[in-house]
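Next up: the structures, one after another.
Each of the next two complexes has subunit A plus one other chain: subunit B in the first, subunit C in the second.
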Partner chain A sequence: MAEKNNDVVLSVKDLHVYFYTNQRCNKVIRGVSFDIKRGRTLCVVGESGCGKSVTANSILRLLPELSRIEEGSITYYKEDGTEVRLDQLEKNGKQMRKLRGEDIAIIFQDPMTALNPVYTVGKQIEEMLKEHKKGMTKAQYKDAAIEDLADMGIPAPDIRYGEYPHQFSGGMRQRSMIAMGMSCEPKILLADEPTTALDVTISAQIFDLMNNLKKEHNTAIMMITHNMGVVAEMADDVAVMYMGNIVEYGPVEKIFTNPSHPYTQALLRSIPVLGKGKNQQLEPIRGSTPDPFKRPKGCQFCPRCDYACERCQNEMPPEEWVTEGHYVRCFNYKEVTESGK
Partner chain B sequence: MENKEKEVLLKVRGAKTYFPIKKGLLKRTVGYVKAVDDISLDVYRGETLGLVGESGCGKTTLGKSILQLVPITDGSMEYKFEDGYRNLRTLSRKEIDNARQKIQIVFQDPYSSLNPAFTIFGSLEDPLIKFGVKKKEDRIKKIGDLLEAVNLPRDYMTRYPNEFSGGQRQRIGIARALSVNPELIICDEAVSALDVSIQAQVLKLLNKLKEEYQLTYIFITHDLSVVEYLADRIAVMYLGRVVELTTSEELFANTLHPYTKALLSAIPVADVHQTKKRIPLQGDVPSPANPPSGCTFHPRCPEVCEKCKTERPMLEEYIIDGVSHFVSCHKVKEELAAKGILPVVKE
Partner chain C sequence: MVNFTLRKLLGMIPMLLIITFLIYAGIELMPGDVIDFLIPMDQLAEMTAEEVAAFRAAKGLDGPMIVRYFNWLLGVCKGDLGYSLQNNMPVAELMMQKLPATVELSLASLILSSFLGILLGVISALKKGKIADNVLTVAGMIGVAIPQFLFGIFCIILFALNLQWFPVGQRGAGGLLSELHHLFLPAFALGISQTAGVMRYSRSAMLDSMNCDYVKTARAKGLPEWKVNMLHGFRVACTPVMVLIGFRLPTLISGAIVIENIFQWPGVGVWFTDAIKTQNTPIIMSVGLFMVLMVLLSSLLVDILTAVLDPRVKLS
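This part shows the complex of A and B:
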């Protein structure tokens, strides 16, 4: 990875996460490296099961019982210059709990299951403030929570403060999740498919909201999605994941105009693009994603790849830097880049 | 008009599907959820009609209403059988069963629409027995052919649904719909649950099958980029009503209804060079149990006027540059009238 500069708030290096179930080991994350930078949005894109959510959850150490960070490091750079190794902290220890919410917040995909149905929304936002901003009066907490709701564009926030999640619509629930996440002004916002469960007109509102937050607070955002459209709209940097690896990482223009990995290329060719009409040629990726317990030996994409060679079958390609800030895991990336032009 | 020469396969006129809201000890009906509220449209033979809209706009209910899977409150749905048009609503149970040989459905969730206790052969066999393939060898042959038609190996028929991936299951769902040689297939969010790389495979397959079997599709989805790729005509729905209906090219080139404009602008496009102005919509979709007065879109509409709040606009047909374009909006009507385009009057 690039040298640490002042903009990097979180750096993940060569992360390996394994899940142990039924006496089998699923190597979910197999060497993932990326940086999250201040005031920029990193979009992690990939198909279901590629490890995008696990990556986000391992940053916050929210992984399930039977899983472990085997190798690699997750470093959080505090504003005062100190470094915190998140992977070495105790999972639910005092330090980790302090970081969660205050420095790093997360928004989950399904706001209905993420909110507690038996507490009012206001109470749940307050809870966050009480944990991290001690010493305010009851009324101050309430005002702060109402202000957070108002900031998210929820109409009549003082009434909504006393309502329960089921009285909210999907879009409003997601807004209150974001309100909760942003209540302590975290440095990093992790958003795990924040709009997948929402309608397009509502998700457009949520995206605007997130972009405003990024501008106003200089928050670093890591957004997980499977929708290439969302990536094009929101991202500054993109990490394309496939079967537990980032296969390509780089600035959004590079990824879309000149993809260097066969998977990125194939992915972009397989989606219908709005405004191109009926005559666009879709080229589906052949086959399907392999069973995580029967992985290919070398490059994970090899069985579905048009550029595969002998070497790909036996060896996992390393991260190769194409230009600064743009790396790719492919032996034949030069050929791929040429053909994509 | 080229549409006039086309054969109308299904005529939907004034269809309403209301679900009663029951409350209290006596389960009194206190109101209705107007899932489908006065929809009229034609489906031509051999076309793909896309039905788009946000969740809760009634697109799935309309699909199910056509198949008579939910009772219709009012209106008619006339389907063209060999002996002429007959209203699907008035058919007897037995006749509906036969009508379902002509009209089939592919469901959204490929995981819950296949019985996990049956092999693929078992699942696909039932419709064949029902519609007269009595010999087992014939059924085996037919199911093998169907699996091959959807690009799956023949011997997969002995396997159980849990052995398949989502994309494969959806293809089995399509094979099941094809098994009775239908004319019309209703695809209810058939690709929404699939990963993008698999989605393209199924979309291509649907296009291929349409040619091979001369099918007509009603393609229900919330994804406009998918529908643009597949559909010949697109109907945009909002709160149980069709707000705009025209050919796919016309809809994207000459969007009239403010809702469609906002919807199109809200969709993230996978192209970094395409910059567009987003039309922000305020608030959420209102509840269909208590829809707003007048035009149901007026509380969110950026171009709202006084008339919209009280008077409900009708879906009227306009001929714009030779293309039929249905739209229901007061404002658009005025604008078109100013250009000298008046709605087509039908008796």
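This part shows the complex of A and C:
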């Protein structure tokens, strides 16, 4: 990765995560590197199964049992300047547990199932507070939880505090999840497709909320999505993932105006544009995602790529810097960038 | 909740009527005449038809079945369970002598099997695929499949006769410790299939629960594993397990009859089987009524318990 500056809160370097099922090894993450910076939103885009969620879960060490971080490092930079190697911590050990929620929080995709149905929403927020902010009185916990709910724009938070998740609408539940995530003022918020299960207006509200958090608390946000519109709206930085690699990474302007990887270009071409009329031509990406157990030898995108050359078939392209802070994994990126313009 | 309970209790009345009527009809359909059991054969041979009829009338055994059923019902409503045909003892008094032992055995068995079943099931789920889980799975299948009486005899031979850890049978006397010592083996034998069933069910309920997103949320909060497992995983798995336990409660009550015979437990078991053999209608009806009442009440308890455990369930 490029220069190390003080804005970086979390740095992932050359991360490899493998899943072991039925005596087979699925190399889900094959060398992923990126930085999450204070007060900025990193959007990770890519199709289903490309490893977006696994990356987020690796950071918090919430991976399922049959998986392992094989290589690489995840480094968390505390505000006091110390570095914590998350990949080396014990999975559910004391140190990792202390970081979860307090320093790094996560919001899951489906707020319908992410809250425990048998406890009140208030109690579930309090549980987080009690774990990390010990020594408050009962009433203080309650007030704090109500305040968290109020901060997320939930009306009548003192009543909502005592209600169960099934009495909440989807949007309200996701807000409560964010309230829970933000209750200990974490430095990093990981959002794993936070609005996939919600409708568009509610999504917009959730995004506003997250943008506010970013501004007010200087929280670093890593947001996983497969919606390019969300990326354009939210992102400061973008990481485009394909089959376990980040194929292109950079500031959002660069990615949208100067896409240098054939996959990024193809993604952008496949989005309908509002106002272009009914007859606009959408270009789907030809072919389909390869079987993770029968991956191409070289560049993972090679079989579907228009620019593929012989080298692509045998070798995985390294990360090549296009401009500062903008890298791409493509041998022919210069040609790709030119033709994309 | 009070409203719900009252309505459920009222709803039990027609069920009780139907079920008791069916039991009464069942006794009536049994082959043989009850008179044969009440009067020795040589005496009966010497009695005239009038004398027999007079005897029947005195015992309340004359008239059509429907009339006799309603007479019995009327008696029950007045709190009179009738008299044993054999020795003319009031059934209520006999019940008071025998029932506590049976209730004690069934309850002990319920508690033991629920506790053991849930504990082993949760261990099994948390150790999924490991040796402990595999051993418990096999044990669970054996537990469900093995007939109760066989297991009871096996327990007596192994634990009472060979190892001499427990007394062979009968109820303990003199002190709680002695009572528990006598109680354990029959309660365990009675609850074996219940234990195995609860264990298998707890395991799958726990696995379901542990696979849910809220468990991941709990972990992401930084909670220690025991809190994740117990307060989130197990707490949700609790509801279906409680329902299962409630619905299997009747098998414990009926199973007690077999186990009581094997362990010479002084409950209603032997007495009840004797009553059936001799067509002693008042006793059969009273014990039957008690069992039916237990079944209905336990299903009510399940309903209430579900609503208490799961806030999504509304009693209405």
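By our rule, the second predicted complex is superposed on the first by the 340 of 341 C-alpha atoms of A that agree within 3 Å, B and C clash if a C-alpha of one lies under 4 Å from a C-alpha of the other, contacts with A are read in each partner's own complex, and residues count from 1 in each chain.
The criterion applied here is as follows: a contact is a pair of C-beta atoms (placed from the backbone, for glycine too) under 8 Å apart; a residue touches a chain by one contact, two chains touch by 3 or more.
The structure displayed is predicted, hence computed values, not measured ones.
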Overlay on subunit A: subunit C relative to subunit B, clash or fit: fit
First (subunit B), second (subunit C), both or neither touched by A:R97: second
First, second, both or neither for A:E233, with subunit B first and subunit C second: first
Subunit B versus subunit C as contact partner of A:P318, first or second or both or neither: neither
If touched residues of subunit A are counted for subunit B and for subunit C, the larger one: B
First (subunit B), second (subunit C), both or neither touched by A:F256: first
Which superposed partner A:L115 touches (first subunit B, second subunit C, both, neither): second
Partner chain(s) touched by A:H166 [first = subunit B, second = subunit C, both, neither]: second
After fitting on chain A: smallest Cα gap, subunit B-subunit C, Å: 6
Touching both subunit B and subunit C, residues of subunit A: none
Residue ranges of subunit A touching subunit C (in the complex, touch as defined): 60, 62, 92, 97-102, 105-106, 108, 110, 113-120, 124, 127-128, 131-132, 164, 166, 177, 180
Partner subunit A, residues of subunit B touching it in the complex: 54-55, 165, 167-168, 195-201, 203-204, 222, 224-226, 228-230, 248-249, 252, 262-274, 278, 280-281, 283-285
Interface residues, subunit A side, partner subunit B - complex: 47-48, 155, 169-172, 199-205, 207-208, 226-234, 252-253, 256-257, 266-268, 270-278, 280, 282-285, 288-289
Residues of subunit C that touch subunit A when the two form their complex: 212-214, 216-225, 232, 235-236, 239, 309-312
